[in-house]
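In what comes next, subunit A is part of two complexes: it sits with subunit B in the first one and with subunit C in the second one.
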Partner chain A sequence: MNAHTSFAELSARQRVQAMVDVGTFKEFLGPSQRVVSPHLAALGVPYAFDDGAVIGSGTLNANAVLIAAQEGEFMGGGVGEVHGAKLTGLFRRALRDRPAAVLVLAESGGVRLHEANAGLIAVSEVMRALLDVRAAGIPVLMLIGGANGCFGGMGLIAGCADFVVMSDAARMSMSGPEVIESSHGVEEFDARDRALVWRTTGGKHRYLMGDCDRLVEDDVAAFRSAALDLLGQCKQPGAKQPMTLESLRQAHARLQERIENVGDCKDATDIWQRLGVAHPERVGDMEAAEIQALVAREQA
Partner chain B sequence: MENLHFELPGQRVPSRFDAVLVGVVGSGNLEVMLEPGSDPAHCTFAIHTSARGFGPIWEAVVRNFQNQHGLGGVVVSINDMGATPAVVSLRLDQAVASLPDAGGAQI
Partner chain C sequence: MNWNDLCLALFGPAHGIVRDGDVILGTGQIDPEGRHQEPLTVTVVGTTDHAPIGVETALAQAAVVLDTIEHHPGRPILLLVDTQGQRLRHRDELLCINRYMAHLGCCVDLARRRGHRVIGLVYDQALSGGFITSGLMADACYALPEAEIRVMRLPAMSRVTKISEDVLEQLSQSNPVFAPGVSNYVAMGGIEAIWRDDLRQCLRDALQNPNVQDLRAEHGAARGGRALAADIVQRVLAA
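Coming up: the complex of A and B.
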């Protein structure tokens, strides 16, 4: 890999290979095993041999990890029954193998609508399995850098992880732009307004709001080094917060506080201004490092 | 959907290889998987395509491919979402370039 390789431009398969140490990736349920979607075939829609999910094991700077990647070009990374079961299986395997971390290179529009209830159930199963892994003290990292972003059920799954890493090209939310526009009208949210979409759901906004732990450039090496950094952080005694009823109550209180503080804002730039960002209109043009410096200044 | 199957003679048997997969099943795109086959004198093609009625064009594309590469003992499996013949040919060439014999490590 060159010094600067765009994460967004790579396929799921290429991302997995680029994230782990060279030659260490071992795939589970690879394409030649043909575990394909039974629903798509019944609907007369082409299926993919890996159902858009690549799962396996590898090492990250010699730390054993389990890793998954979603292929955004196949059905928008939609979570179908098989796709979801592969993610669930990977998390369950983590309970047995006890890797240093589980990494998910998420890129998904959410539930694959062709599979309806099977996809919805799959999403809830992934969440359950992910939370079991966290409860076992194994960190779960979501790395989001694909053009399709991370939306719907997959946005919820990302919200369950210990850490979220995003590039400024990435997006994360529950309802996607088109969904909001079709349910609330174009006056409420114009899904074709790319600047609006990115400042509402993009990596910079998520980082400024505290929904994302690391903001990186669209670069494979930057994602890798952020994952390594977080892995190191987890090894510090007492660094990783266990999820308890009390910590969840605190998280809910922070969300309530957020609504009280910025709930009346009409645009993300208004929120940034209220957060104390000196030149909110410049945020769109800033590099990831400048955004990180903004937050560091606020904490200081 | 249409399922097509072709079996063409060939002699060039690649040395032992693990399954190779290139491409993605996306709009105007396809995935091509090469696997070792049991018949060293033939290359077989199993094609699932979303576009019906293009059997003769698929046959021309895979015959052209086989004229160039002459593979034997290989099974080619394709999932297609409306790729043009040129894209199909490029993906097939990419898959062959990814075989260990070709020294390629394309993924």
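Coming up: the complex of A and C.
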């Protein structure tokens, strides 16, 4: 057993290498090819030789996968023209190469504002390419464990995937708390209240609500084993199928019920209580495994 | 343009499109060009008054798309876009608004896959997240000339990027990725074309365009507004 390695503290390229089988990662359009954003250069802003997106192929327990990772340290993982096109290209390649799965190690604030228009279109191109891959029966996994979380356009992309895996420290949503606070005041959302921010968009809340399929500790081995587990699940008969009218009707009903059941709650702890969590005030201190056990009991 | 004036221009006074809160929905009929054909019914769904897209607004639009798929196979769908973007409220974040918006995008995508022609039209204002999961998920998205499309205004962009407004203003003359505006989105391929004059004829033409592939990156390259995206996709395929 390897010593615990924090997923959050690794760079995008290190995460990819830690996820796939040792020595199997082959990068497409890596830094040596210097595919950079011309828009950042025009603004006199530092650019990166990979534009903050690492993409390539590898194996996961001998299953061929395509994999992408966003570098949160570069422009907060923001999606610009080049970054987005690398992700779209990876999904198009998946349609041709038919891997066992596509894995996205997402860490992004969403559209990169320095090239906002191109980023906005790029996000919708990634979504359409991703949904083509799902329609072809190839599962798409989002793994979210970086300090910047998964927000804005990238949150929308995550919402299109088959599965979402999060660490308890990770966050997923649409608008950052600072944006909401600046629009509607500190009474609406106090961005400096870290506990509030975490309760509202963090991995545990997303898992308890069913928006995240696996909750793991901040450990690369835990992310890898969750991905393997989901891959195995996809191979079972009756596993997740491409989206159909029926499956979207069911998803629609669940989202509608959520508004009816907990739409009046002011805080995540109210929601957890209503969901039947016996001690909602203790959720913050629980390990991922304890939270998983809570939900397993609910479902039993 | 006001949503009702738009529907009058597209479908005439007998259109069955109504407003319910921020959402507009219903059906319109359009005469085909051939005299011997039946009028074509189009599902219309969208928002008005620069609606913020919250969990309910996203779900209400998704319901119209799903109903159309279930009860009217093949019926074209027109998505009318006027939004200030996602609703910026704590409650929406708590309920996981990105799932609701993505769900709308997935419903639009399924409609396309099941053979519904899906057209987007920005008739007033399109902003960031509210636009990505509606008009930008259509087979093709169009805009009226007076529409406004943007992620952020230049002063706000200047604050976030810490680049002076003058510099951004200058750059936006030469590079469409920086500045708001319908023509920039046309140049980048995100908007297929601008609708002018006879809007009904524009809709007819859009409904007859058989393309269902996502060629926006190719269009962006051909039109000179987005030089790299299409090439990078090809290079990833070739790597």
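Going forward, the second predicted complex is superposed on the first by the 298 of 300 C-alpha atoms of A that agree within 3 Å, B and C clash if a C-alpha of one lies under 4 Å from a C-alpha of the other, contacts with A are read in each partner's own complex, and residues count from 1 in each chain.
Following the convention adopted for this analysis, a contact is a pair of C-beta atoms (placed from the backbone, for glycine too) under 8 Å apart; a residue touches a chain by one contact, two chains touch by 3 or more.
Quick caveat, the model's predicted, so the values are computed rather than measured.
Overlaying the two complexes via subunit A leaves subunit B and subunit C side by side, clear of any clash.
Within the superposed three-chain model, A:139 lies out of touch with both subunit B and subunit C [touch as defined at top].
Looking at the shared chain after the overlay, A:31 reaches subunit B, while subunit C stays out of its contact range.
Touch criterion met: A:47 reaches subunit B, while subunit C stays clear of it.
Looking at the shared chain after the overlay, A:160 reaches subunit C, while subunit B stays out of its contact range.
When the two structures are aligned on the shared chain, A:74 is found in touch with subunit B, with no touch to subunit C. When subunit B and subunit C are set side by side, the one touching more residues of subunit A is C. Look at A:17: by the touch rule set out above, it reaches subunit B but stays clear of subunit C.
In the superposed model, A:259 makes contact with subunit C only, not with subunit B. In the superposition on chain A, A:179 makes contact with subunit C only, not with subunit B. Annotation: superposed on chain A, subunit B and subunit C show a minimal Cα-Cα gap of 12 Å.
Put simply, subunit A uses residues 44-45 to touch subunit B in one complex and subunit C in the other. Every residue of subunit A that touches subunit B in the complex is listed here, in rising order: 11, 13-14, 17, 30-32, 41, 44-50, 71, 73-74. Against subunit A, in their complex, subunit B makes its touches with residues 1, 19, 21, 24-26, 29, 31, 33, 35, 48-50, 77, 79-81, 107.
Remark: subunit C residues 55-56, 59, 62-63, 66, 69-70, 86, 88-103, 105-107, 109-110, 113-114, 128-129, 131-133, 136-137, 149-152, 157, 160-161, 163, 167, 171, 175-180, 184-185, 188-190, 214, 216-217, 220, 226-230, 232-237, 239 touch subunit A in the complex. The touching residues of subunit A, when paired with subunit C in their complex, are 28-29, 35, 38-39, 42-45, 55, 81-82, 84-86, 88-90, 92-93, 96, 111, 113-125, 127-129, 131, 135, 152-153, 155-160, 172-175, 177, 179-180, 183-184, 188-189, 200-201, 205-206, 209, 211, 243-245, 248-249, 251-252, 255-256, 258-259, 262-263, 265, 267-268, 271.
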